[in-house]
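Read through the structures below before going on.
First chain A sits with chain B, and in the next complex the same chain sits with chain C.
Showing the complex of A and B:
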């Protein structure tokens, strides 16, 4: 009993002890999910946030400022030849690795050859024919084809690796010693606690773009409730992803909240090999659904906005600023389209084909359960029988193209450099559109990729946007809002098209580096 | 026992009347508190909680009763075989039960669920067949204790048949304990069924109290938990209480 009392007393003292003084405290950022892996290119977890954290440690040749514009990274300047096939980059001579060695063009050239051997999922270098170091600070890239996204896509995304460390590693997927995290970025990884999902980073005092804004960063795992409590108590500084409906809780405590549409849309994908092979069928479904009602019901507290149907979401720099077809709720028109496709309405207003009732097999990501239920209700009210199944993402990944489904509700990114769009439209991944149609969208995307000028590229992308909204490879439903809560120690904002590879975030490294 | 049948009949009636009940549809009245239009309020996609409770009652209760019956009966049969068998076979059976116990039942459910895509009856059977193993040891201990009692040994000595002894001496003695096992199974099965819907093994619209409670968990930090969590939780609690009272005051036992 006596011991118990002592223990309780000690615990109480520990809990009551005041927080550390503000000045020597690192900037503390919370993450709701745990471990993101070691912060090195081949061993971080395969998701955008892990990639983002790794970018604090590893710089790319090209960087972004807080507005999302391209600014010099390891490369001070760059030029592209007339035919668009040769790029010359001047590397910053002040740049050094965290172990003191200088960053040279040989390191950059090595990175390309190394990634050809050991593919890195966040940077595809298939179009690079040759990467050579002309001198210590002059890198020349030769391309196989023109690539309009070379600078804003690949070179922004590709972390440059230290040759003196990685050249001896034949299996980088298992290279997770502290040396693997030797980068050239503004922060050094000093501590990584896998079990707690905690990262401690220290400013790189020799950073070539000037001293970083904070002496230390700390990333900790916390639930939303704990994080809100800690933010309000001044124990953490940034809640990187706060559910937008909780924004009021943070504002009430005098904290700042920034929010923006994420461009990570919730959409209905179609099985293009069966009932929905024809664009008219997909349009009929779009008219049968009431997207506004889906939004009103599932996002009563402002968690999302109505998505644009032409792929690019409002705010995207690639988007043509016109209203996409809205497919406003029109059951009559939907019925006309279905009847043209040979469907009939049988007894009790149920849709039939050749006298057999039509059952729509609807799969949905478990995270989209509410949207899926509302969609189901609407489709049933319209006269379809619906077989709804909520599944874990792992199970959905195993559903093949043309598999046992008609509709699939998932969420997917529409942000980042457009060189990745072809993958998201024609790719086979479970949340890609898995669409080929008559090949027109493919062709437009190819032309966009090979454009000589940014304007030409935009023209093609706008054409893509119009055709996408008409063909509906997927029907975009909602564009979720993302929010960050923070205190006065930082100034944060969302980039218009997501950071780096299109990650919707406020904690891109541009926020922690002096410009 | 008669009360139980009455209960089951009433539930079947409720199940049959389901098409006549108001539809459980989403609406723009999201998270409305209890009031005139919605006596028990609405949930996060505007579905009426009272309607949901009505739809969920027969599903939950019938499934729980059936699944728990399957589980308890299977456990009893296997324990019976083990009790009657020689020591070697009994040990083999028990090792087998251990082996079943080691395999997480959720894995088995996942596997079978993807193969069969069960409806209400299939789900009850699946849940029953994946929850019996925990009861085998308990049932076996009870059976062996009763079988070794003097009254049974004496009756056997006097020429009574095995079935007579089972019916006359063993079953009445272990009935209260079996009833407790049954109630325990009902509780477990109800909560497990809620998890299955989330794994995509059943139609998520197959409403159960457990499922409603699980959905309510996201709203614990808002006042909405009052009308989202409490009604199904109270329904479940009172159902278990009723079952407890029914099995404790079993008229058949009173007669004996």
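Showing the complex of A and C:
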């Protein structure tokens, strides 16, 4: 047995040893999920990480630095007209496609018309009236209405496509050959192995913003355990998402760990068409729950922080730095509010309406099972009967607004340019708030979107924050912490409001280019 | 299979063969219908799932309709079924929007891995079960038989995913001699010899889990048959004549057990396919199981339809061939 073990160990070590020499080793990043699709706009998987990887290959007109500030991308400079309806962008004449062709204003104008024909779900160009190339390096955009998020939202998010390659593609969803990944970004895709979930990227030597920091990047699929072992052995350099409770393992081996609140909150949504139509009812529920206890039970090792109730989470540049109402646990106050709404406590302290016991139908995303269980326990202790149903996401999605539920626990992003908040508050998606109320929140968001200056926009957003915390379209529970472990080949940090479209990550492309 | 090897009437055999083919085509038609309808009865919508990321922008109705049409989801069920069926008859399995690849390509990339596991497991459990079962059955009731049969009975009661998880826990995590997941290491070697070794090493645990799943069934078969054979006069006679044990095993037991094994094999293969799906998911093996599982979660109807049809067609074809071989072997007596 002993000999067998030794032989197997030797064999395993031999087979597992990396084939590449240490010196020319690429920067290796691990991903637990694996295949994210081909790194081209229309064929990458429809999630934030796939979008992020694609952004290594495709540049946008505007970019971000490591602090999240807007810096020149394919556009060197930009101006907005007095009435806010015309934007003029000057393109960097040094920019070129990975096949050597120059990037021109015609490419950028083409991208807008192409995306009008072929919708790209990560950039909505509905507000662009006209995109024209005034000269090879001068792009003019005409808007239908003012958009305070034009530069920090749309133009940061929109990958510019090479006209000479995409103009002949009538159905880009079927265009997944290597040519589809011809971008103008700092890295070129050289290998994509779908079955193994592995990407190899090489630095674009002609990159217009200077030579990228690393000669090569590699993204590989690994479980947390394997990744930690490989990071400690020096086989990988970055574990992009390390469960925060494992941070100690990486630190013990002398690796660096950065962690931050993600702004990707776990919340309780309400069915606004039934029992929780009234803000008093929602507040009563907030007081009945002990959010701190939910946090303590589900996040014993620092996996999350208590969420702020005014939508924006601590650290967000859009947030007014004041304490939101905390809705500290107060069952007495919750009971008062419920009694004002006509509920009574019957025998055995159970809540009733017109003599009928009140049952709360609680739906939850299976990923939030623990939170859902604690919420259920707390509500039952408070005197509600709770009918808890855990569902997979596709099934939850099919539950319509006003459907067969009272409460819905899900997670949702609060980061990224605020031009998208209206979707997340009034939208009909399963993890949106599905809230209209008296229309005040809607109106504030509209005004914010039409603001003439960033300061004016911020004023509206702060007003939104205060009203949100009072009206509670959803009750924010927890703000999960995300962590990245890495060695000293690279310097990483989380951006305060997420990268590009609000992705909470440390591996934004700004970390891999020189500034 | 040459006609000369078949003592039963060649014509009757051919007729049985054709009849078997017709029956299996009918089953395939039912599968085609079921696999179209069932996914559509699940709650959730493929386009909705595809656009469910928090980062996707709200698309207009026109944009959504455009995407829907491109995914083959425009119109009613009858219209979708007609379009899909006519593609299917032309041999086109469709296009997976979530993977941005033709379904046939996706199957082509993952099926070899699944077949590798199945074909790797088959000889393992067949040979071991035949040897162990014959050994136990020849001396039924003896100490070897009682011990082994007891052990196999326990083994048979463990579902395949539990076996897989236990194997992974024991031999990949607690005592890490084998890789826990995938079909290749993070940096696969360029040298074919080493690469083959890497692939083999990664396959050991999934193949073992799969082989254990089917071992019990064939062990009982071999044991039962051997127990009967041990008392048959021609075997008793052979033993009395002092026939070498190896010949006795191969020619007396083996020859009689073989047709029974073959007859059971077609059953076994469908059992293997359902077990391999689960085992692939446990070991994150890049086979067709993971593909089907993902297609269900993503509500990728086209991919789910294509993979199910491909697996069903393959199983039915194999089942047909094994039946034909079984008839031929049985005829030979």
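Here, the second predicted complex is superposed on the first by the 495 of 515 C-alpha atoms of A that agree within 3 Å, B and C clash if a C-alpha of one lies under 4 Å from a C-alpha of the other, contacts with A are read in each partner's own complex, and residues count from 1 in each chain.
Throughout what follows, contacts are C-beta pairs under 8 Å (C-beta built on N, C-alpha and C of every residue); 3 or more make two chains touch, one makes a residue touch a chain.
Just so it is clear, the structure is predicted and the values come from calculations on it, not from any experiment.
Once chain A of one complex is fitted onto chain A of the other, the partner contacts of A:296 are limited to chain B, with no touch recorded for chain C. Look at A:225: by the touch rule set out above, it reaches both chain B and chain C. In the superposed model, A:395 makes contact with both chain B and chain C. Residue contacts after overlaying the shared chain place A:43 against chain C, while chain B stays out of touching range.
Once chain A of one complex is fitted onto chain A of the other, the partner contacts of A:119 are limited to chain C, with no touch recorded for chain B. Taking chain A as the reference, the larger set of touched residues comes from C, when chain B and chain C are compared.
Judged by the touch definition given at the top, the superposed model places A:376 against chain B, while chain C stays out of reach.
Contacts of A:233 after superposition: neither chain B nor chain C is touched. Of the two partner chains placed by the overlay, neither chain B nor chain C lies in contact with A:177. Where the contact sets of chain A with chain B and with chain C meet, they give residues 225, 392, 395. Across the complex, chain A is touched by residues 42-45, 48-60, 63, 66-67, 70, 95, 97-101, 109-110, 113, 173, 176-190, 194, 197-198, 201, 284, 286, 297-299 of chain C. Contacts from chain A toward chain B in the complex involve residues 225, 293, 296-298, 300, 366, 369-370, 372-374, 376-377, 381, 387-392, 395.
The touching residues of chain B, when paired with chain A in their complex, are 25-28, 30-31, 44-46, 197-200, 203-205, 221. Those residues of chain A that touch chain C in the complex are listed here as 5, 8-9, 11-12, 14-16, 18-20, 34, 37-38, 42-43, 45-48, 51, 118-119, 121-124, 126, 171, 173-174, 176, 194-196, 198, 220-223, 225-226, 230, 235-236, 264, 392-395, 397-399, 412-413, 416, 420, 423-424, 427, 429-431, 501-503.
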